[in-house]
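In the two complexes below, subunit A is the common chain; its partner is subunit B in one and subunit C in the other.
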Partner chain A sequence: MTATALLELEGLTIALKGVDQPIVDNVGFTLARGETLCIVGESGCGKSLTSLALMGLLQTPPLTVTRGMARFAGEDLLAMPAARLRQIRGGRMAMIFQEPMTSLNPGLRIGEQIAESVRRHKGVGQAEARARALEMLRRVRIPAPEKRLDEYPHQLSGGMRQRAMIAMALANDPELLIADEPTTALDVTIQAQILKLMKSLQQETGAAMVLITHDLGVVAEMADKVAVMYGGRIIETGTAEQVFTDPQHPYTIGLMSSMPSLGARSGRLVTVPGTVPQPTAMPPGCRFSTRCPFATGACATVPPLTDLGAGHRVACAHAPLTATEAPAMRSTGT
Partner chain B sequence: MTAILSTRGLRKDFVTAKPLFGEATVVQAVAGVSLDIAAGETFAIVGESGCGKSTLARLLLRLIDPTAGEVWYKGEDLASLPPARLRALRRDLQFIFQDPFSSLNPQMSVGALIEEPMRVHSIGTRTERRAKVADLLTRVGLRPEHADRYPHEFSGGQRQRIGIARALASGPTVLIGDEPVSALDVSIQAQVVNLLEDLKDDFGLTLVIIAHDLAVIRHMADRVAVMYLGEVVECAPAGDLYAHPLHPYAEALLAAIPVASYGARPARTMVEGDPPNPIAPPPGCKFHPRCPYATDICRVERPVLADMGGGRTVACHRATELSLQGLADLEQARTPAARGRFALYAQAMADKTAHNRPE
Partner chain C sequence: MTSLATNLATSEALPRRQSRVWRKFRSNKAALLGGIIVAFFVIVALLAPLLPVPGPAVTDWGAVRQGPSAAHPFGTDEIGRDVLSRMIWGARASLMAGVVSVGIAVLVGVPLGVLSGYLRGWTDAAISRVTEALLAAPFLILAIALAAFLGPSLTNAMIAIGISAVPIFIRLARGQTMSVMTEDYVESARAVGLTHWALITRYIVPNIFPPILVQGTLTIATAIIAEASLSFLGLGQQPPAPSWGSMLNVAKNFLEQAPWMALYPGAAIFLVVLGFNLLGDGLRDALDPRDH
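And now, the complex of A and B:
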């Protein structure tokens, strides 16, 4: 995109042993400093695999990155040696996971965990690292941070644990933050607190963020840019405004129609029929074609992600869908 | 309103094991709940983790025994019924669990799972039961031949359909769902929500839905009870509650929803911090430490549910003087072309489902 891109992902393709078709197929995006990209999709769409691949945390085997490049400030994350990746991960690139209880070490005090990461990446002494840990707990607004520093993860509530995770992730002033469903396990009032916190910390530090979520509400709240994934591919991407006010792909439309409205009640929900095919049973061509009400013969070839203008890109043979074409399509489709 | 299911002063205490030193701690998971659920309505119970909503759901069917209080169904108090009579009544009262992966016995075929409630209640002959299983499978959007398969062969959404078919097998009048769609993906969730609403109409059911997703509740429920630390703090018709909440906690819940409309409004954090420890709830109103409107009386005196008219009750000292904010119109603004596409999609889906039901 621009010269200021912090992260450029190109053609990321991930294969699963025993499955012919790639389970993440040709995924790419660019991210500038200070920007938030939300990757949204349902279970099995490949959103988490994409983020794990970026962090070099894919379980290999059975998974392998067969193609792709992830240029992070000039270096390819997918090709660099493990030792170099370890230097970047936790330092210039940090992660927040869904379940802080499984990502925090249960046997280490909160303060020690944060300080350890600071010592490792900043090369500072014990006392300085501890001071930094305290400062971070204060910044994520954990009450009584001096006391929490010496507590273990199990002594904290879910929301406080997620704050501690964020404190740890941000302790080394990362340029890129990858957050995989960071608020999914939390109650709605706690979720609102954490999202607000992530937003304000991001504004302070200017970090770029890749936020993986299944919740369109979180997307609307947080995203500058959106990538909608289905069956391992990005099927629609653009600015949040483009994707929400002018969605183009039938899956995006179906997903948005499936969301119950908070306004006055309006009869039955419009759904997406059927279920996502198993990875071994993905149709050739457009992977949404088995569930799409507009599918025709044209959908048997893989639709390219095509720019409809101003960077709003859609992978659908029928985009832009208009009223004049659609009735004809419907009759051929059934 | 004719209540089909009522509770009076329902309470459930959980007592921890006595530690080496000191006393065992007591958690009042449900701390005196009185509700009337009308025949044929969809009644929702919402609240955050630990508010006691799941415990309350289990008490409604007496899946667990209450510490005190009554549960009235058709003139009988479930809380004090002898086991045999209770078992017979369970024919009428059925439960749908949240997790379709752990609530179905993996060693039983789908047919056997759905038939089991009928066998337990001695309903029909074996042939009649088999026919009923096939019928139920079709009703929930599966196929009769699925009866011979096992739960692991199905996706989460399909398993939830199996759970629903099983719940319907004994011909219940009341169906209680504890987060019945929370574990499902959005598109599958919408299918199951539609299914539950269709079944409710077809079988004349009363639905009690426990959930934390306020959008699902808004869509499904006629009336909503909001729980906080074991107590109902507000109970109201869904539309009224969402437009004009009367309890500050209800307002905070609504404010915190991330709305799936770009540019609609940012979620607001009306409350900071976590809910207090239920082992030692604060004195006075349990919500007062987090309440932005709390005054002196809230810190000392516990408010009781008061009738506010219009079928609404609220437990807040300041309910009449506060003017709280609900959800305004939050529909996504869309380009005319996009609105056209949504209409096309809805039409295409309607045509498709008309041609080959079930979806």
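And now, the complex of A and C:
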């Protein structure tokens, strides 16, 4: 809770109609200007829902935010009226989506789509908004931006479309950028380019970024802070260094060891056994307990997110790991 | 024709897609035939005042119920009027009835359907219940009831047919809106903070347009039959103004003495309806996004 925090999310809880247990449970983090937080987890762990809730884009019904507060520069995003949220959304807070192929309106020229958002938030005229759109296309290093301005989405490649999406998101100088798996749909070489671009643009603008991903390589590349989510809860969070060098939660350890790397490897690649339970079938207590080889009776109660020092927090009955436990977990890879 | 004109305006905005659609349409012989038939009738109807035929209401008492001849290629009717001329002027009534009533149905139905699909909740419930109530009555029966209520005239027949066709477009627009709303680009437009108005006019309506164009074309065929039926029953075009439906009504009394009086209007209705159906099917295939 530093004084410079741009976004403070507290106790975000999201319920799905017909499911007893919340599907996002008590999620919170803080983010300072210029900082990048990576939210990591498997499909269905609630990372996308968390970001959609911040943007006010949850599909309600069936989803509802039952509890929580998201203080963004002094205002609660979760409690503000829809009209106020629309002013902030796209202006001071922007989002980049996962699917560049389908996230642009097929019937509108690229330039118009960027200009539309500029006109909406900056209150400028056609010509000025168009000039801004061109400037943004240049900044995201799209080749021949003058030409692209008047092209339709289907005339652009996936990488170029994602650049256009980034241009659109950054056109109004947002203070907070939420990127939901921005590179998942792109091939590997383009991924690296886009990440590099996002990083350099973030440094230029000083925007804070929430980056949602399941790719630990992306996390290592981008993150200042990491939050690992499982079953709708944050189970481990800390600086990127803390989480990568000293993972404490069995699930985090499993994730780290299941990451393929270059070079020789002894034995098979470690996997985390089982699959994420259905939201209707989440175990009481620690939600990872059904897949965790170290589960004990203590895991039947919800483990609190405990601070192990220096902001490294873990929700596990076993944490902090002792000198003997840690290597055992890492070698079995859970 | 209103819907076709609007389509030309929007498809201009989709250069590559348009040419692909056009290529597909052109290679479809049935669709092309439908287009030619429709174009033929439209041109004839538009040029009616310029064509070298007698006026549709001009009677020639010296030539009553005459078979086809050089002077009257399609023969004459029971009071000596030229059947060809009445056919040509009747095409105006039929096409106008088709286009205007579908225009009414689109202008009323599409906004209601989009609203219904966009807002959901009780707005959707209210609009949907009324739609279902209208759909419970068969299309033609509803049109006849409305036309009888409004009073017999071509204008009222067009209004009656238009209102009867509204539920078709409410349903279609509602369903299409709901499906477009789940598209990523609508979500990203919402993330940009666009107003409801911008979202509806720039993101939803242009993207639900193709199916509405197809349905509109097919409904024109239905509306033409409905107009002919109403005119046949005396609820549409009033004599002496010509209409294919009312021509058939008179002709049925002289089927044995003057079969041509029934043959030509009947064939014309058949052809125009076939033309619009082929055209509509062709457009549906050409605009089908699955093949892109």
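In this text, the second predicted complex is superposed on the first by the 322 of 334 C-alpha atoms of A that agree within 3 Å, B and C clash if a C-alpha of one lies under 4 Å from a C-alpha of the other, contacts with A are read in each partner's own complex, and residues count from 1 in each chain.
Methods note: a contact is a pair of C-beta atoms (placed from the backbone, for glycine too) under 8 Å apart; a residue touches a chain by one contact, two chains touch by 3 or more.
Since the structure is predicted, the reported quantities are computational estimates derived from the model, not experimental observations.
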Subunit B versus subunit C as contact partner of A:R86, first or second or both or neither: second
Partner chain(s) touched by A:P106 [first = subunit B, second = subunit C, both, neither]: second
Superposition-derived comparison: subunit B or subunit C, residues of subunit A touched: B
First, second, both or neither for A:Y152, with subunit B first and subunit C second: second
Which superposed partner A:Q126 touches (first subunit B, second subunit C, both, neither): neither
Subunit B versus subunit C as contact partner of A:L57, first or second or both or neither: second
Doubly contacted residues of subunit A, that is, touched by subunit B and again by subunit C: none
Complex interface listing, subunit C residues touching subunit A: 10, 13-17, 183-185, 187-195, 198, 202-203, 206-207
For the subunit B and subunit A complex, residues of the former touching the latter: 48-49, 155-158, 185-191, 193-194, 197, 212, 214-216, 218-220, 238-239, 242, 252-253, 255-264, 266-274, 327, 329-335, 337-338, 340-342, 344-349, 351-353, 355, 359
Residues on subunit A engaged by subunit C in the complex (per definition of touch): 55, 57, 85-91, 94-95, 97, 99, 102-108, 116-117, 120-121, 152, 154-155, 165, 168
Subunit A - residues contacting subunit B, complex: 42-43, 143, 157-160, 187-193, 195-196, 214-221, 240-241, 243-248, 250, 253-265, 268-275, 293-294, 320-323, 326, 330, 333-334
